[in-house]
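Per-chain numbering from 1; labels A, B, C, D and E assigned in written order.
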Amino acid sequence: MASPTATREAPPGAPAHRSTARVREIVGWYSADNPGTKANLARMLNHGTLAGTGRMVILPVDQGFEHGPARSFAPNPPAYDPRYHFELAIEAGCNAYAAPLGFLEAGAAEFAGEIPLILKLNNHDVLYDEKDPFSAVTGSVGEALRLGCAAIGFTIYPGSAMASRMYEQIRALAEEAKRVGLAVVVWSYPRGGGISKAGETAIDVVAYGAQIAAQLGAHVLKVKLPTDHIEQEEARKVYEKQAIPIGTLAERVRHVVQSSFDGRRIVIFSGGAKKDNDEEIVNEARAIRDGGGFGSIIGRNSFQRRRPEALKLLRRIMSVYAGETP
Amino acid sequence: MASPTATREAPPGAPAHRSTARVREIVGWYSADNPGTKANLARMLNHGTLAGTGRMVILPVDQGFEHGPARSFAPNPPAYDPRYHFELAIEAGCNAYAAPLGFLEAGAAEFAGEIPLILKLNNHDVLYDEKDPFSAVTGSVGEALRLGCAAIGFTIYPGSAMASRMYEQIRALAEEAKRVGLAVVVWSYPRGGGISKAGETAIDVVAYGAQIAAQLGAHVLKVKLPTDHIEQEEARKVYEKQAIPIGTLAERVRHVVQSSFDGRRIVIFSGGAKKDNDEEIVNEARAIRDGGGFGSIIGRNSFQRRRPEALKLLRRIMSVYAGETP
Amino acid sequence: MASPTATREAPPGAPAHRSTARVREIVGWYSADNPGTKANLARMLNHGTLAGTGRMVILPVDQGFEHGPARSFAPNPPAYDPRYHFELAIEAGCNAYAAPLGFLEAGAAEFAGEIPLILKLNNHDVLYDEKDPFSAVTGSVGEALRLGCAAIGFTIYPGSAMASRMYEQIRALAEEAKRVGLAVVVWSYPRGGGISKAGETAIDVVAYGAQIAAQLGAHVLKVKLPTDHIEQEEARKVYEKQAIPIGTLAERVRHVVQSSFDGRRIVIFSGGAKKDNDEEIVNEARAIRDGGGFGSIIGRNSFQRRRPEALKLLRRIMSVYAGETP
Amino acid sequence: MASPTATREAPPGAPAHRSTARVREIVGWYSADNPGTKANLARMLNHGTLAGTGRMVILPVDQGFEHGPARSFAPNPPAYDPRYHFELAIEAGCNAYAAPLGFLEAGAAEFAGEIPLILKLNNHDVLYDEKDPFSAVTGSVGEALRLGCAAIGFTIYPGSAMASRMYEQIRALAEEAKRVGLAVVVWSYPRGGGISKAGETAIDVVAYGAQIAAQLGAHVLKVKLPTDHIEQEEARKVYEKQAIPIGTLAERVRHVVQSSFDGRRIVIFSGGAKKDNDEEIVNEARAIRDGGGFGSIIGRNSFQRRRPEALKLLRRIMSVYAGETP
Amino acid sequence: MASPTATREAPPGAPAHRSTARVREIVGWYSADNPGTKANLARMLNHGTLAGTGRMVILPVDQGFEHGPARSFAPNPPAYDPRYHFELAIEAGCNAYAAPLGFLEAGAAEFAGEIPLILKLNNHDVLYDEKDPFSAVTGSVGEALRLGCAAIGFTIYPGSAMASRMYEQIRALAEEAKRVGLAVVVWSYPRGGGISKAGETAIDVVAYGAQIAAQLGAHVLKVKLPTDHIEQEEARKVYEKQAIPIGTLAERVRHVVQSSFDGRRIVIFSGGAKKDNDEEIVNEARAIRDGGGFGSIIGRNSFQRRRPEALKLLRRIMSVYAGETP
């Protein structure tokens, strides 16, 4: 007779809350966490179109705060309404929806339980343009619990003179979140006086940013897609000496995944500014998939498109991750 | 038989504490809040001349702190007495009266229960003129409760190098206020090293300031009436490409309301410095009304006029919002 | 039959702890405070030579900290001993004695209950000469309770780049003090990079400083005697347009009292540096009295004189406030 | 029959824990303190060679932190061992031994109860040479209790731009210490951008530093021996006008004692850098005694000598204070 | 009959948790600590190849955070996986394994109880290159307990303008750690604006850094191997006058050990950057041993070698400390 564990593989059509072997494997990497946090990680991995695959597509909408409302929502005016994004994330079958306090408060009750939520705990705006950026803490673990979230989200800017203050903030918030069973998602976006503009997406810098987030105890890392630029002289010597392959996007993704505890942390990639060409975005997803990345976080490229086009694009991306021919 | 809810519409002459359908609709937008906070929002919407209309006129008197006593009160010396403003707000039928700690302490017992109060929790003076302004916290949620307030008020200066500190302060204060059932009113006044003087009332900046306050979890947003100036280059491209209508004041109000969660947050507009021409102020109220704004916050234009004239002007403004011919 | 309240007027010769109508009126202005704080305000108003008159003369001795021991006490060496000031305040019939922690600790037990005490909670020294002064917090509400004080004292420097930090400190300390039934005395001394030297005693600045202290929730305001200089350009326009009378010292005192919630806050005036001419000081008291001020805070002009001369001067000043011919 | 109190004078040969009249007088100055703190003051005054005289000689060893180990201990290598200093203080009959956390942890159990201990709660090193020095807090009141100390020690640098931060730190630590019955010893060493090098030991500055420490609530003040230099122009006028005698070291000591609440606070003097000439040090002790000082704090001049010479010197100094002919 | 204590010497082959006389002697130096902390010190001293010898070799892996992942792990790619380091430390017989939060979380459950763990509580990255470095706090005592650690680790940078902030952080963390029975390991790495590049490993500076860490209450000090450079002019005079022997590495190690409370604190030495020549590293271990040092902390020189070579090198080093012929 098979052991109960051996028969736990979810059969086709089974309810999404039965974890697949892949989900159980991924959750197993977080062996230091309590069952509450493990459950919230599983909740995100078991939700939506990609449920059970171990891949994730997350909808983040913090651009209203980060870039202002017109730049964010005027291209698709229904997106001014916070409920729009809940609906988009649910209808597209995303694994989770991430936003700042105000946006989540405006829909958390109406869409309660319909999609895992991530409360973005810090935010930055561009009305003050500083050389060394700092994101103000604008939410709390208590608010995340009150709103029924599965995780907290937090942005760090390695390379900023303010980075250590952000590290100390996420340290305290992550400890508190883990104690109450929430998962921790860290946006690691190197920026600031310590690095050049090109350096923000340099392969060595992106991999370093992923490592820092992982060392800070994040469960899910969100980074930018890296270029083949190398920013730091000391790093260049190693990349050259060890002949680390960074020629293709898939190779660079693979290097970032390796830099994230040898692939034992969920690392997902952001799509960046809106692109008119769907194909380009889908190709990026293919590279992420081929490089062993865990998925995408698609903001402007979804909510700045009309809803039907956004749904179409999100489904194509998810098909890539599901291994189907999109 | 009609459902109990369907018959809840307050009949003419009914006590103001029965919410109208419009008030219930507005309160419904704040579905993440506890009944205590909802009750305090309803308390403000159900008070005074505009009770039940979903519109608000608030009397704010923090100018003694912000500009000094002579500049604020010498034009109408009875206004030196803190009781004057309680009486003015009550007699004019305002929805609420907002002031710093000292002014509220000086009348909260005498006028207990006669008008919803908003304790301004931070203040700034002009004896030190800094490039990047910061408002010191001068009150607390505990003081607001002690004085029987319906809400806390807080000013942020997006565009100031000190903005992130103010965001972190209101974050903590708002969380505490919501926990004890108070409403949160945020004055969002972009200022500081990040923007030009003209930029302080630029349409893109005012809309951005409203968005930030809403994302910070404010229930009521107070902003300045915007001009058609556009401050940020990145924003200008969008306003032009999307042909966002900002030619008239009503259009600009509409854009700010849209930028406030597509109209699902109460956003009211400040009148600014005293104007001698009543007509101009009434016209502004018409534009606010036509643009879908929720009302006005009238400080200097009320208490710097002799009381009969102030009452006359406030009544004209309220008539505009009530949809009557003023 | 007369009501118990109507007969509460203290008869001549009655013990000082029966409040006169005037004291009850003044205490009535603080209607937001708890009975403990009201009792401590009454305790100060009912103590000493001016008991029951609604006027106050307070002895402050923080100069040892502020200017150093020799500059403060060498002119009258018995004043090096902290007990000297307790005795002086008691013998002169002052309403209260204010000093920093060390000075109060050195006599609070010996003179327990003989005079209301005010613990100065922050202090500044001149060994470091900064452009934007800041007074360090050197006491606490807990220490004030331990030493049996009636009130806390706190200095703010409006006009200093550090002002907002001091406002935030007194906000927290005042809230705590009021909760435990202490009164709050604020020294409002504009200084720092925001204003000129002459501006420190300019009429617009002194009145503004009084307003700020009142808005911060102080029960008793201590300010400097103002000159007829006007510091701020925006203020000058108003003083000229409204023709605010500031020609005589009594007029200026009246304007400051008006700026202190239209006279509904106790505002007292400091004598400043030692003057050799008693007449000048007595004349200042007359102007304070004629302008509706509530009294004087006399430090260097009392303890830097030999005791008999100090007592004689203090009695003359108190006679002025008592309305007698001194 | 004599009262029990009248007979409390300790007879010759009585155990040292019976307080003499002088010790009771000194402890009586601290009438605001609880019996626990009074007992710890008495414990130091009743310990060692000078027990009962009201004089104190304290061994301080924080130079390892302040100047580095070689500069501190290489001249007498046994002093590298933390136990050496416990033994030296005990054998020499010092009233107390003061050191930072690490040094006390290394002997507090072994020498438990053999000598009163003072935990130095802040320290400074010279690896970073700043214009405005700041001593980091390196211990706590809880650690002092854990190690069985009689007192906490704390250094302030009046004259430093960081002074107000140190004042705020000692304020909080002293309040906590007094609550749990510890005594408070403050090293007041004026330094920093506000004063010249010569000013650090100027008579006006040293007296001012003593006054500040006393006003901050210290029980025992430790200052440097003053020179006849006068640093502050405003002070010079007073010293000259009042003809304050500062010509001899004894006169200057007397002035500092007077500046310490007219002699009602224990003020002791530090010996400074190591001197080869014993006579000079003994002469300083004579001047301290003749000026009414309460004793010496002898660090480098004891532990940088070979033990027999150190013991000999310390005994000579104690003989001076005991009034014997050394 | 021998006393139970006299017979406690662990016989050959006895389980490692019986302390040898040497381990009991070392633990005895920490007489101020509670049994919990003593037990954790013994736990590290009694673990691995060097169990019972009083010597320690620790594997630290914080370079992923400090230098980035490629520079740290690309030379030996299996090291990207956090489990690799647990296995390496266990297999090599190290006394303990030290790493930041993320790395420990990724293996603490899987390798529970197999090796004493040290949670590095602060970390620094090189994406922002500051003159006065500061390591952000990235872990907590609570996290160390949650992960089953024996100790906390903390880095200070004496010589940095930020040093006092780091001292205040470790003070609070160490107090908390000792209260819950953890040991405290301090990395003392002088760096920053106060010293030159050569000064970072100057003999006077390294000895001073060790002293500071010991005075801060550290149980185990980790310093760099010193050169014969002398950085500070005041120190040079003493080294020359006292003719302190610093010519050989063993002599310099001896001086650092003496500077660490005369050898009564465990002080271990870091190997620094990877060296290709094993012999050089083994020779350094011989000098450490001959100078009385307690061992090595070997990071890059172990995990940047292929595993068999790393194990071979670590065993040679341990043989040196065990007194065998390696």
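Remarks
Throughout what follows, a residue touches a chain if its C-beta (ideal position, glycine included) is under 8 Å from a C-beta of that chain, and two chains touch if they have at least 3 such contacts.
Here the structure is a predicted model, which means the values were calculated and not measured.
The minimum number of touch steps linking chain C to chain D comes to 1. Chain centres here are Cα means. That of chain A falls 36 Å from that of chain B. Put simply, the C-alpha centre of chain C and that of chain E have 59 angstrom between them. Among the residues of chain D, none is in touch with two or more other chains. Shown here, the protein chains touch around one cycle, each chain meeting exactly two partners.
Chains in contact form a single ring whose order, set by starting at chain A and proceeding to chain B, is A, B, C, D, E. The touching residues of chain A, when paired with chain B in their complex, are 64-65, 67-71, 73-75, 77-78, 80-82, 100-106, 108-110, 123-130, 134-140, 142-143, 146-147.
Within the complex formed with chain A, the residues of chain B that make contact are 29-33, 132, 158-161, 163-165, 167-168, 171-172, 175, 190, 192-195, 204-205, 207-212, 214-218, 232, 234-235, 238-239, 242, 244, 255, 258-259, 261-262, 264-265.
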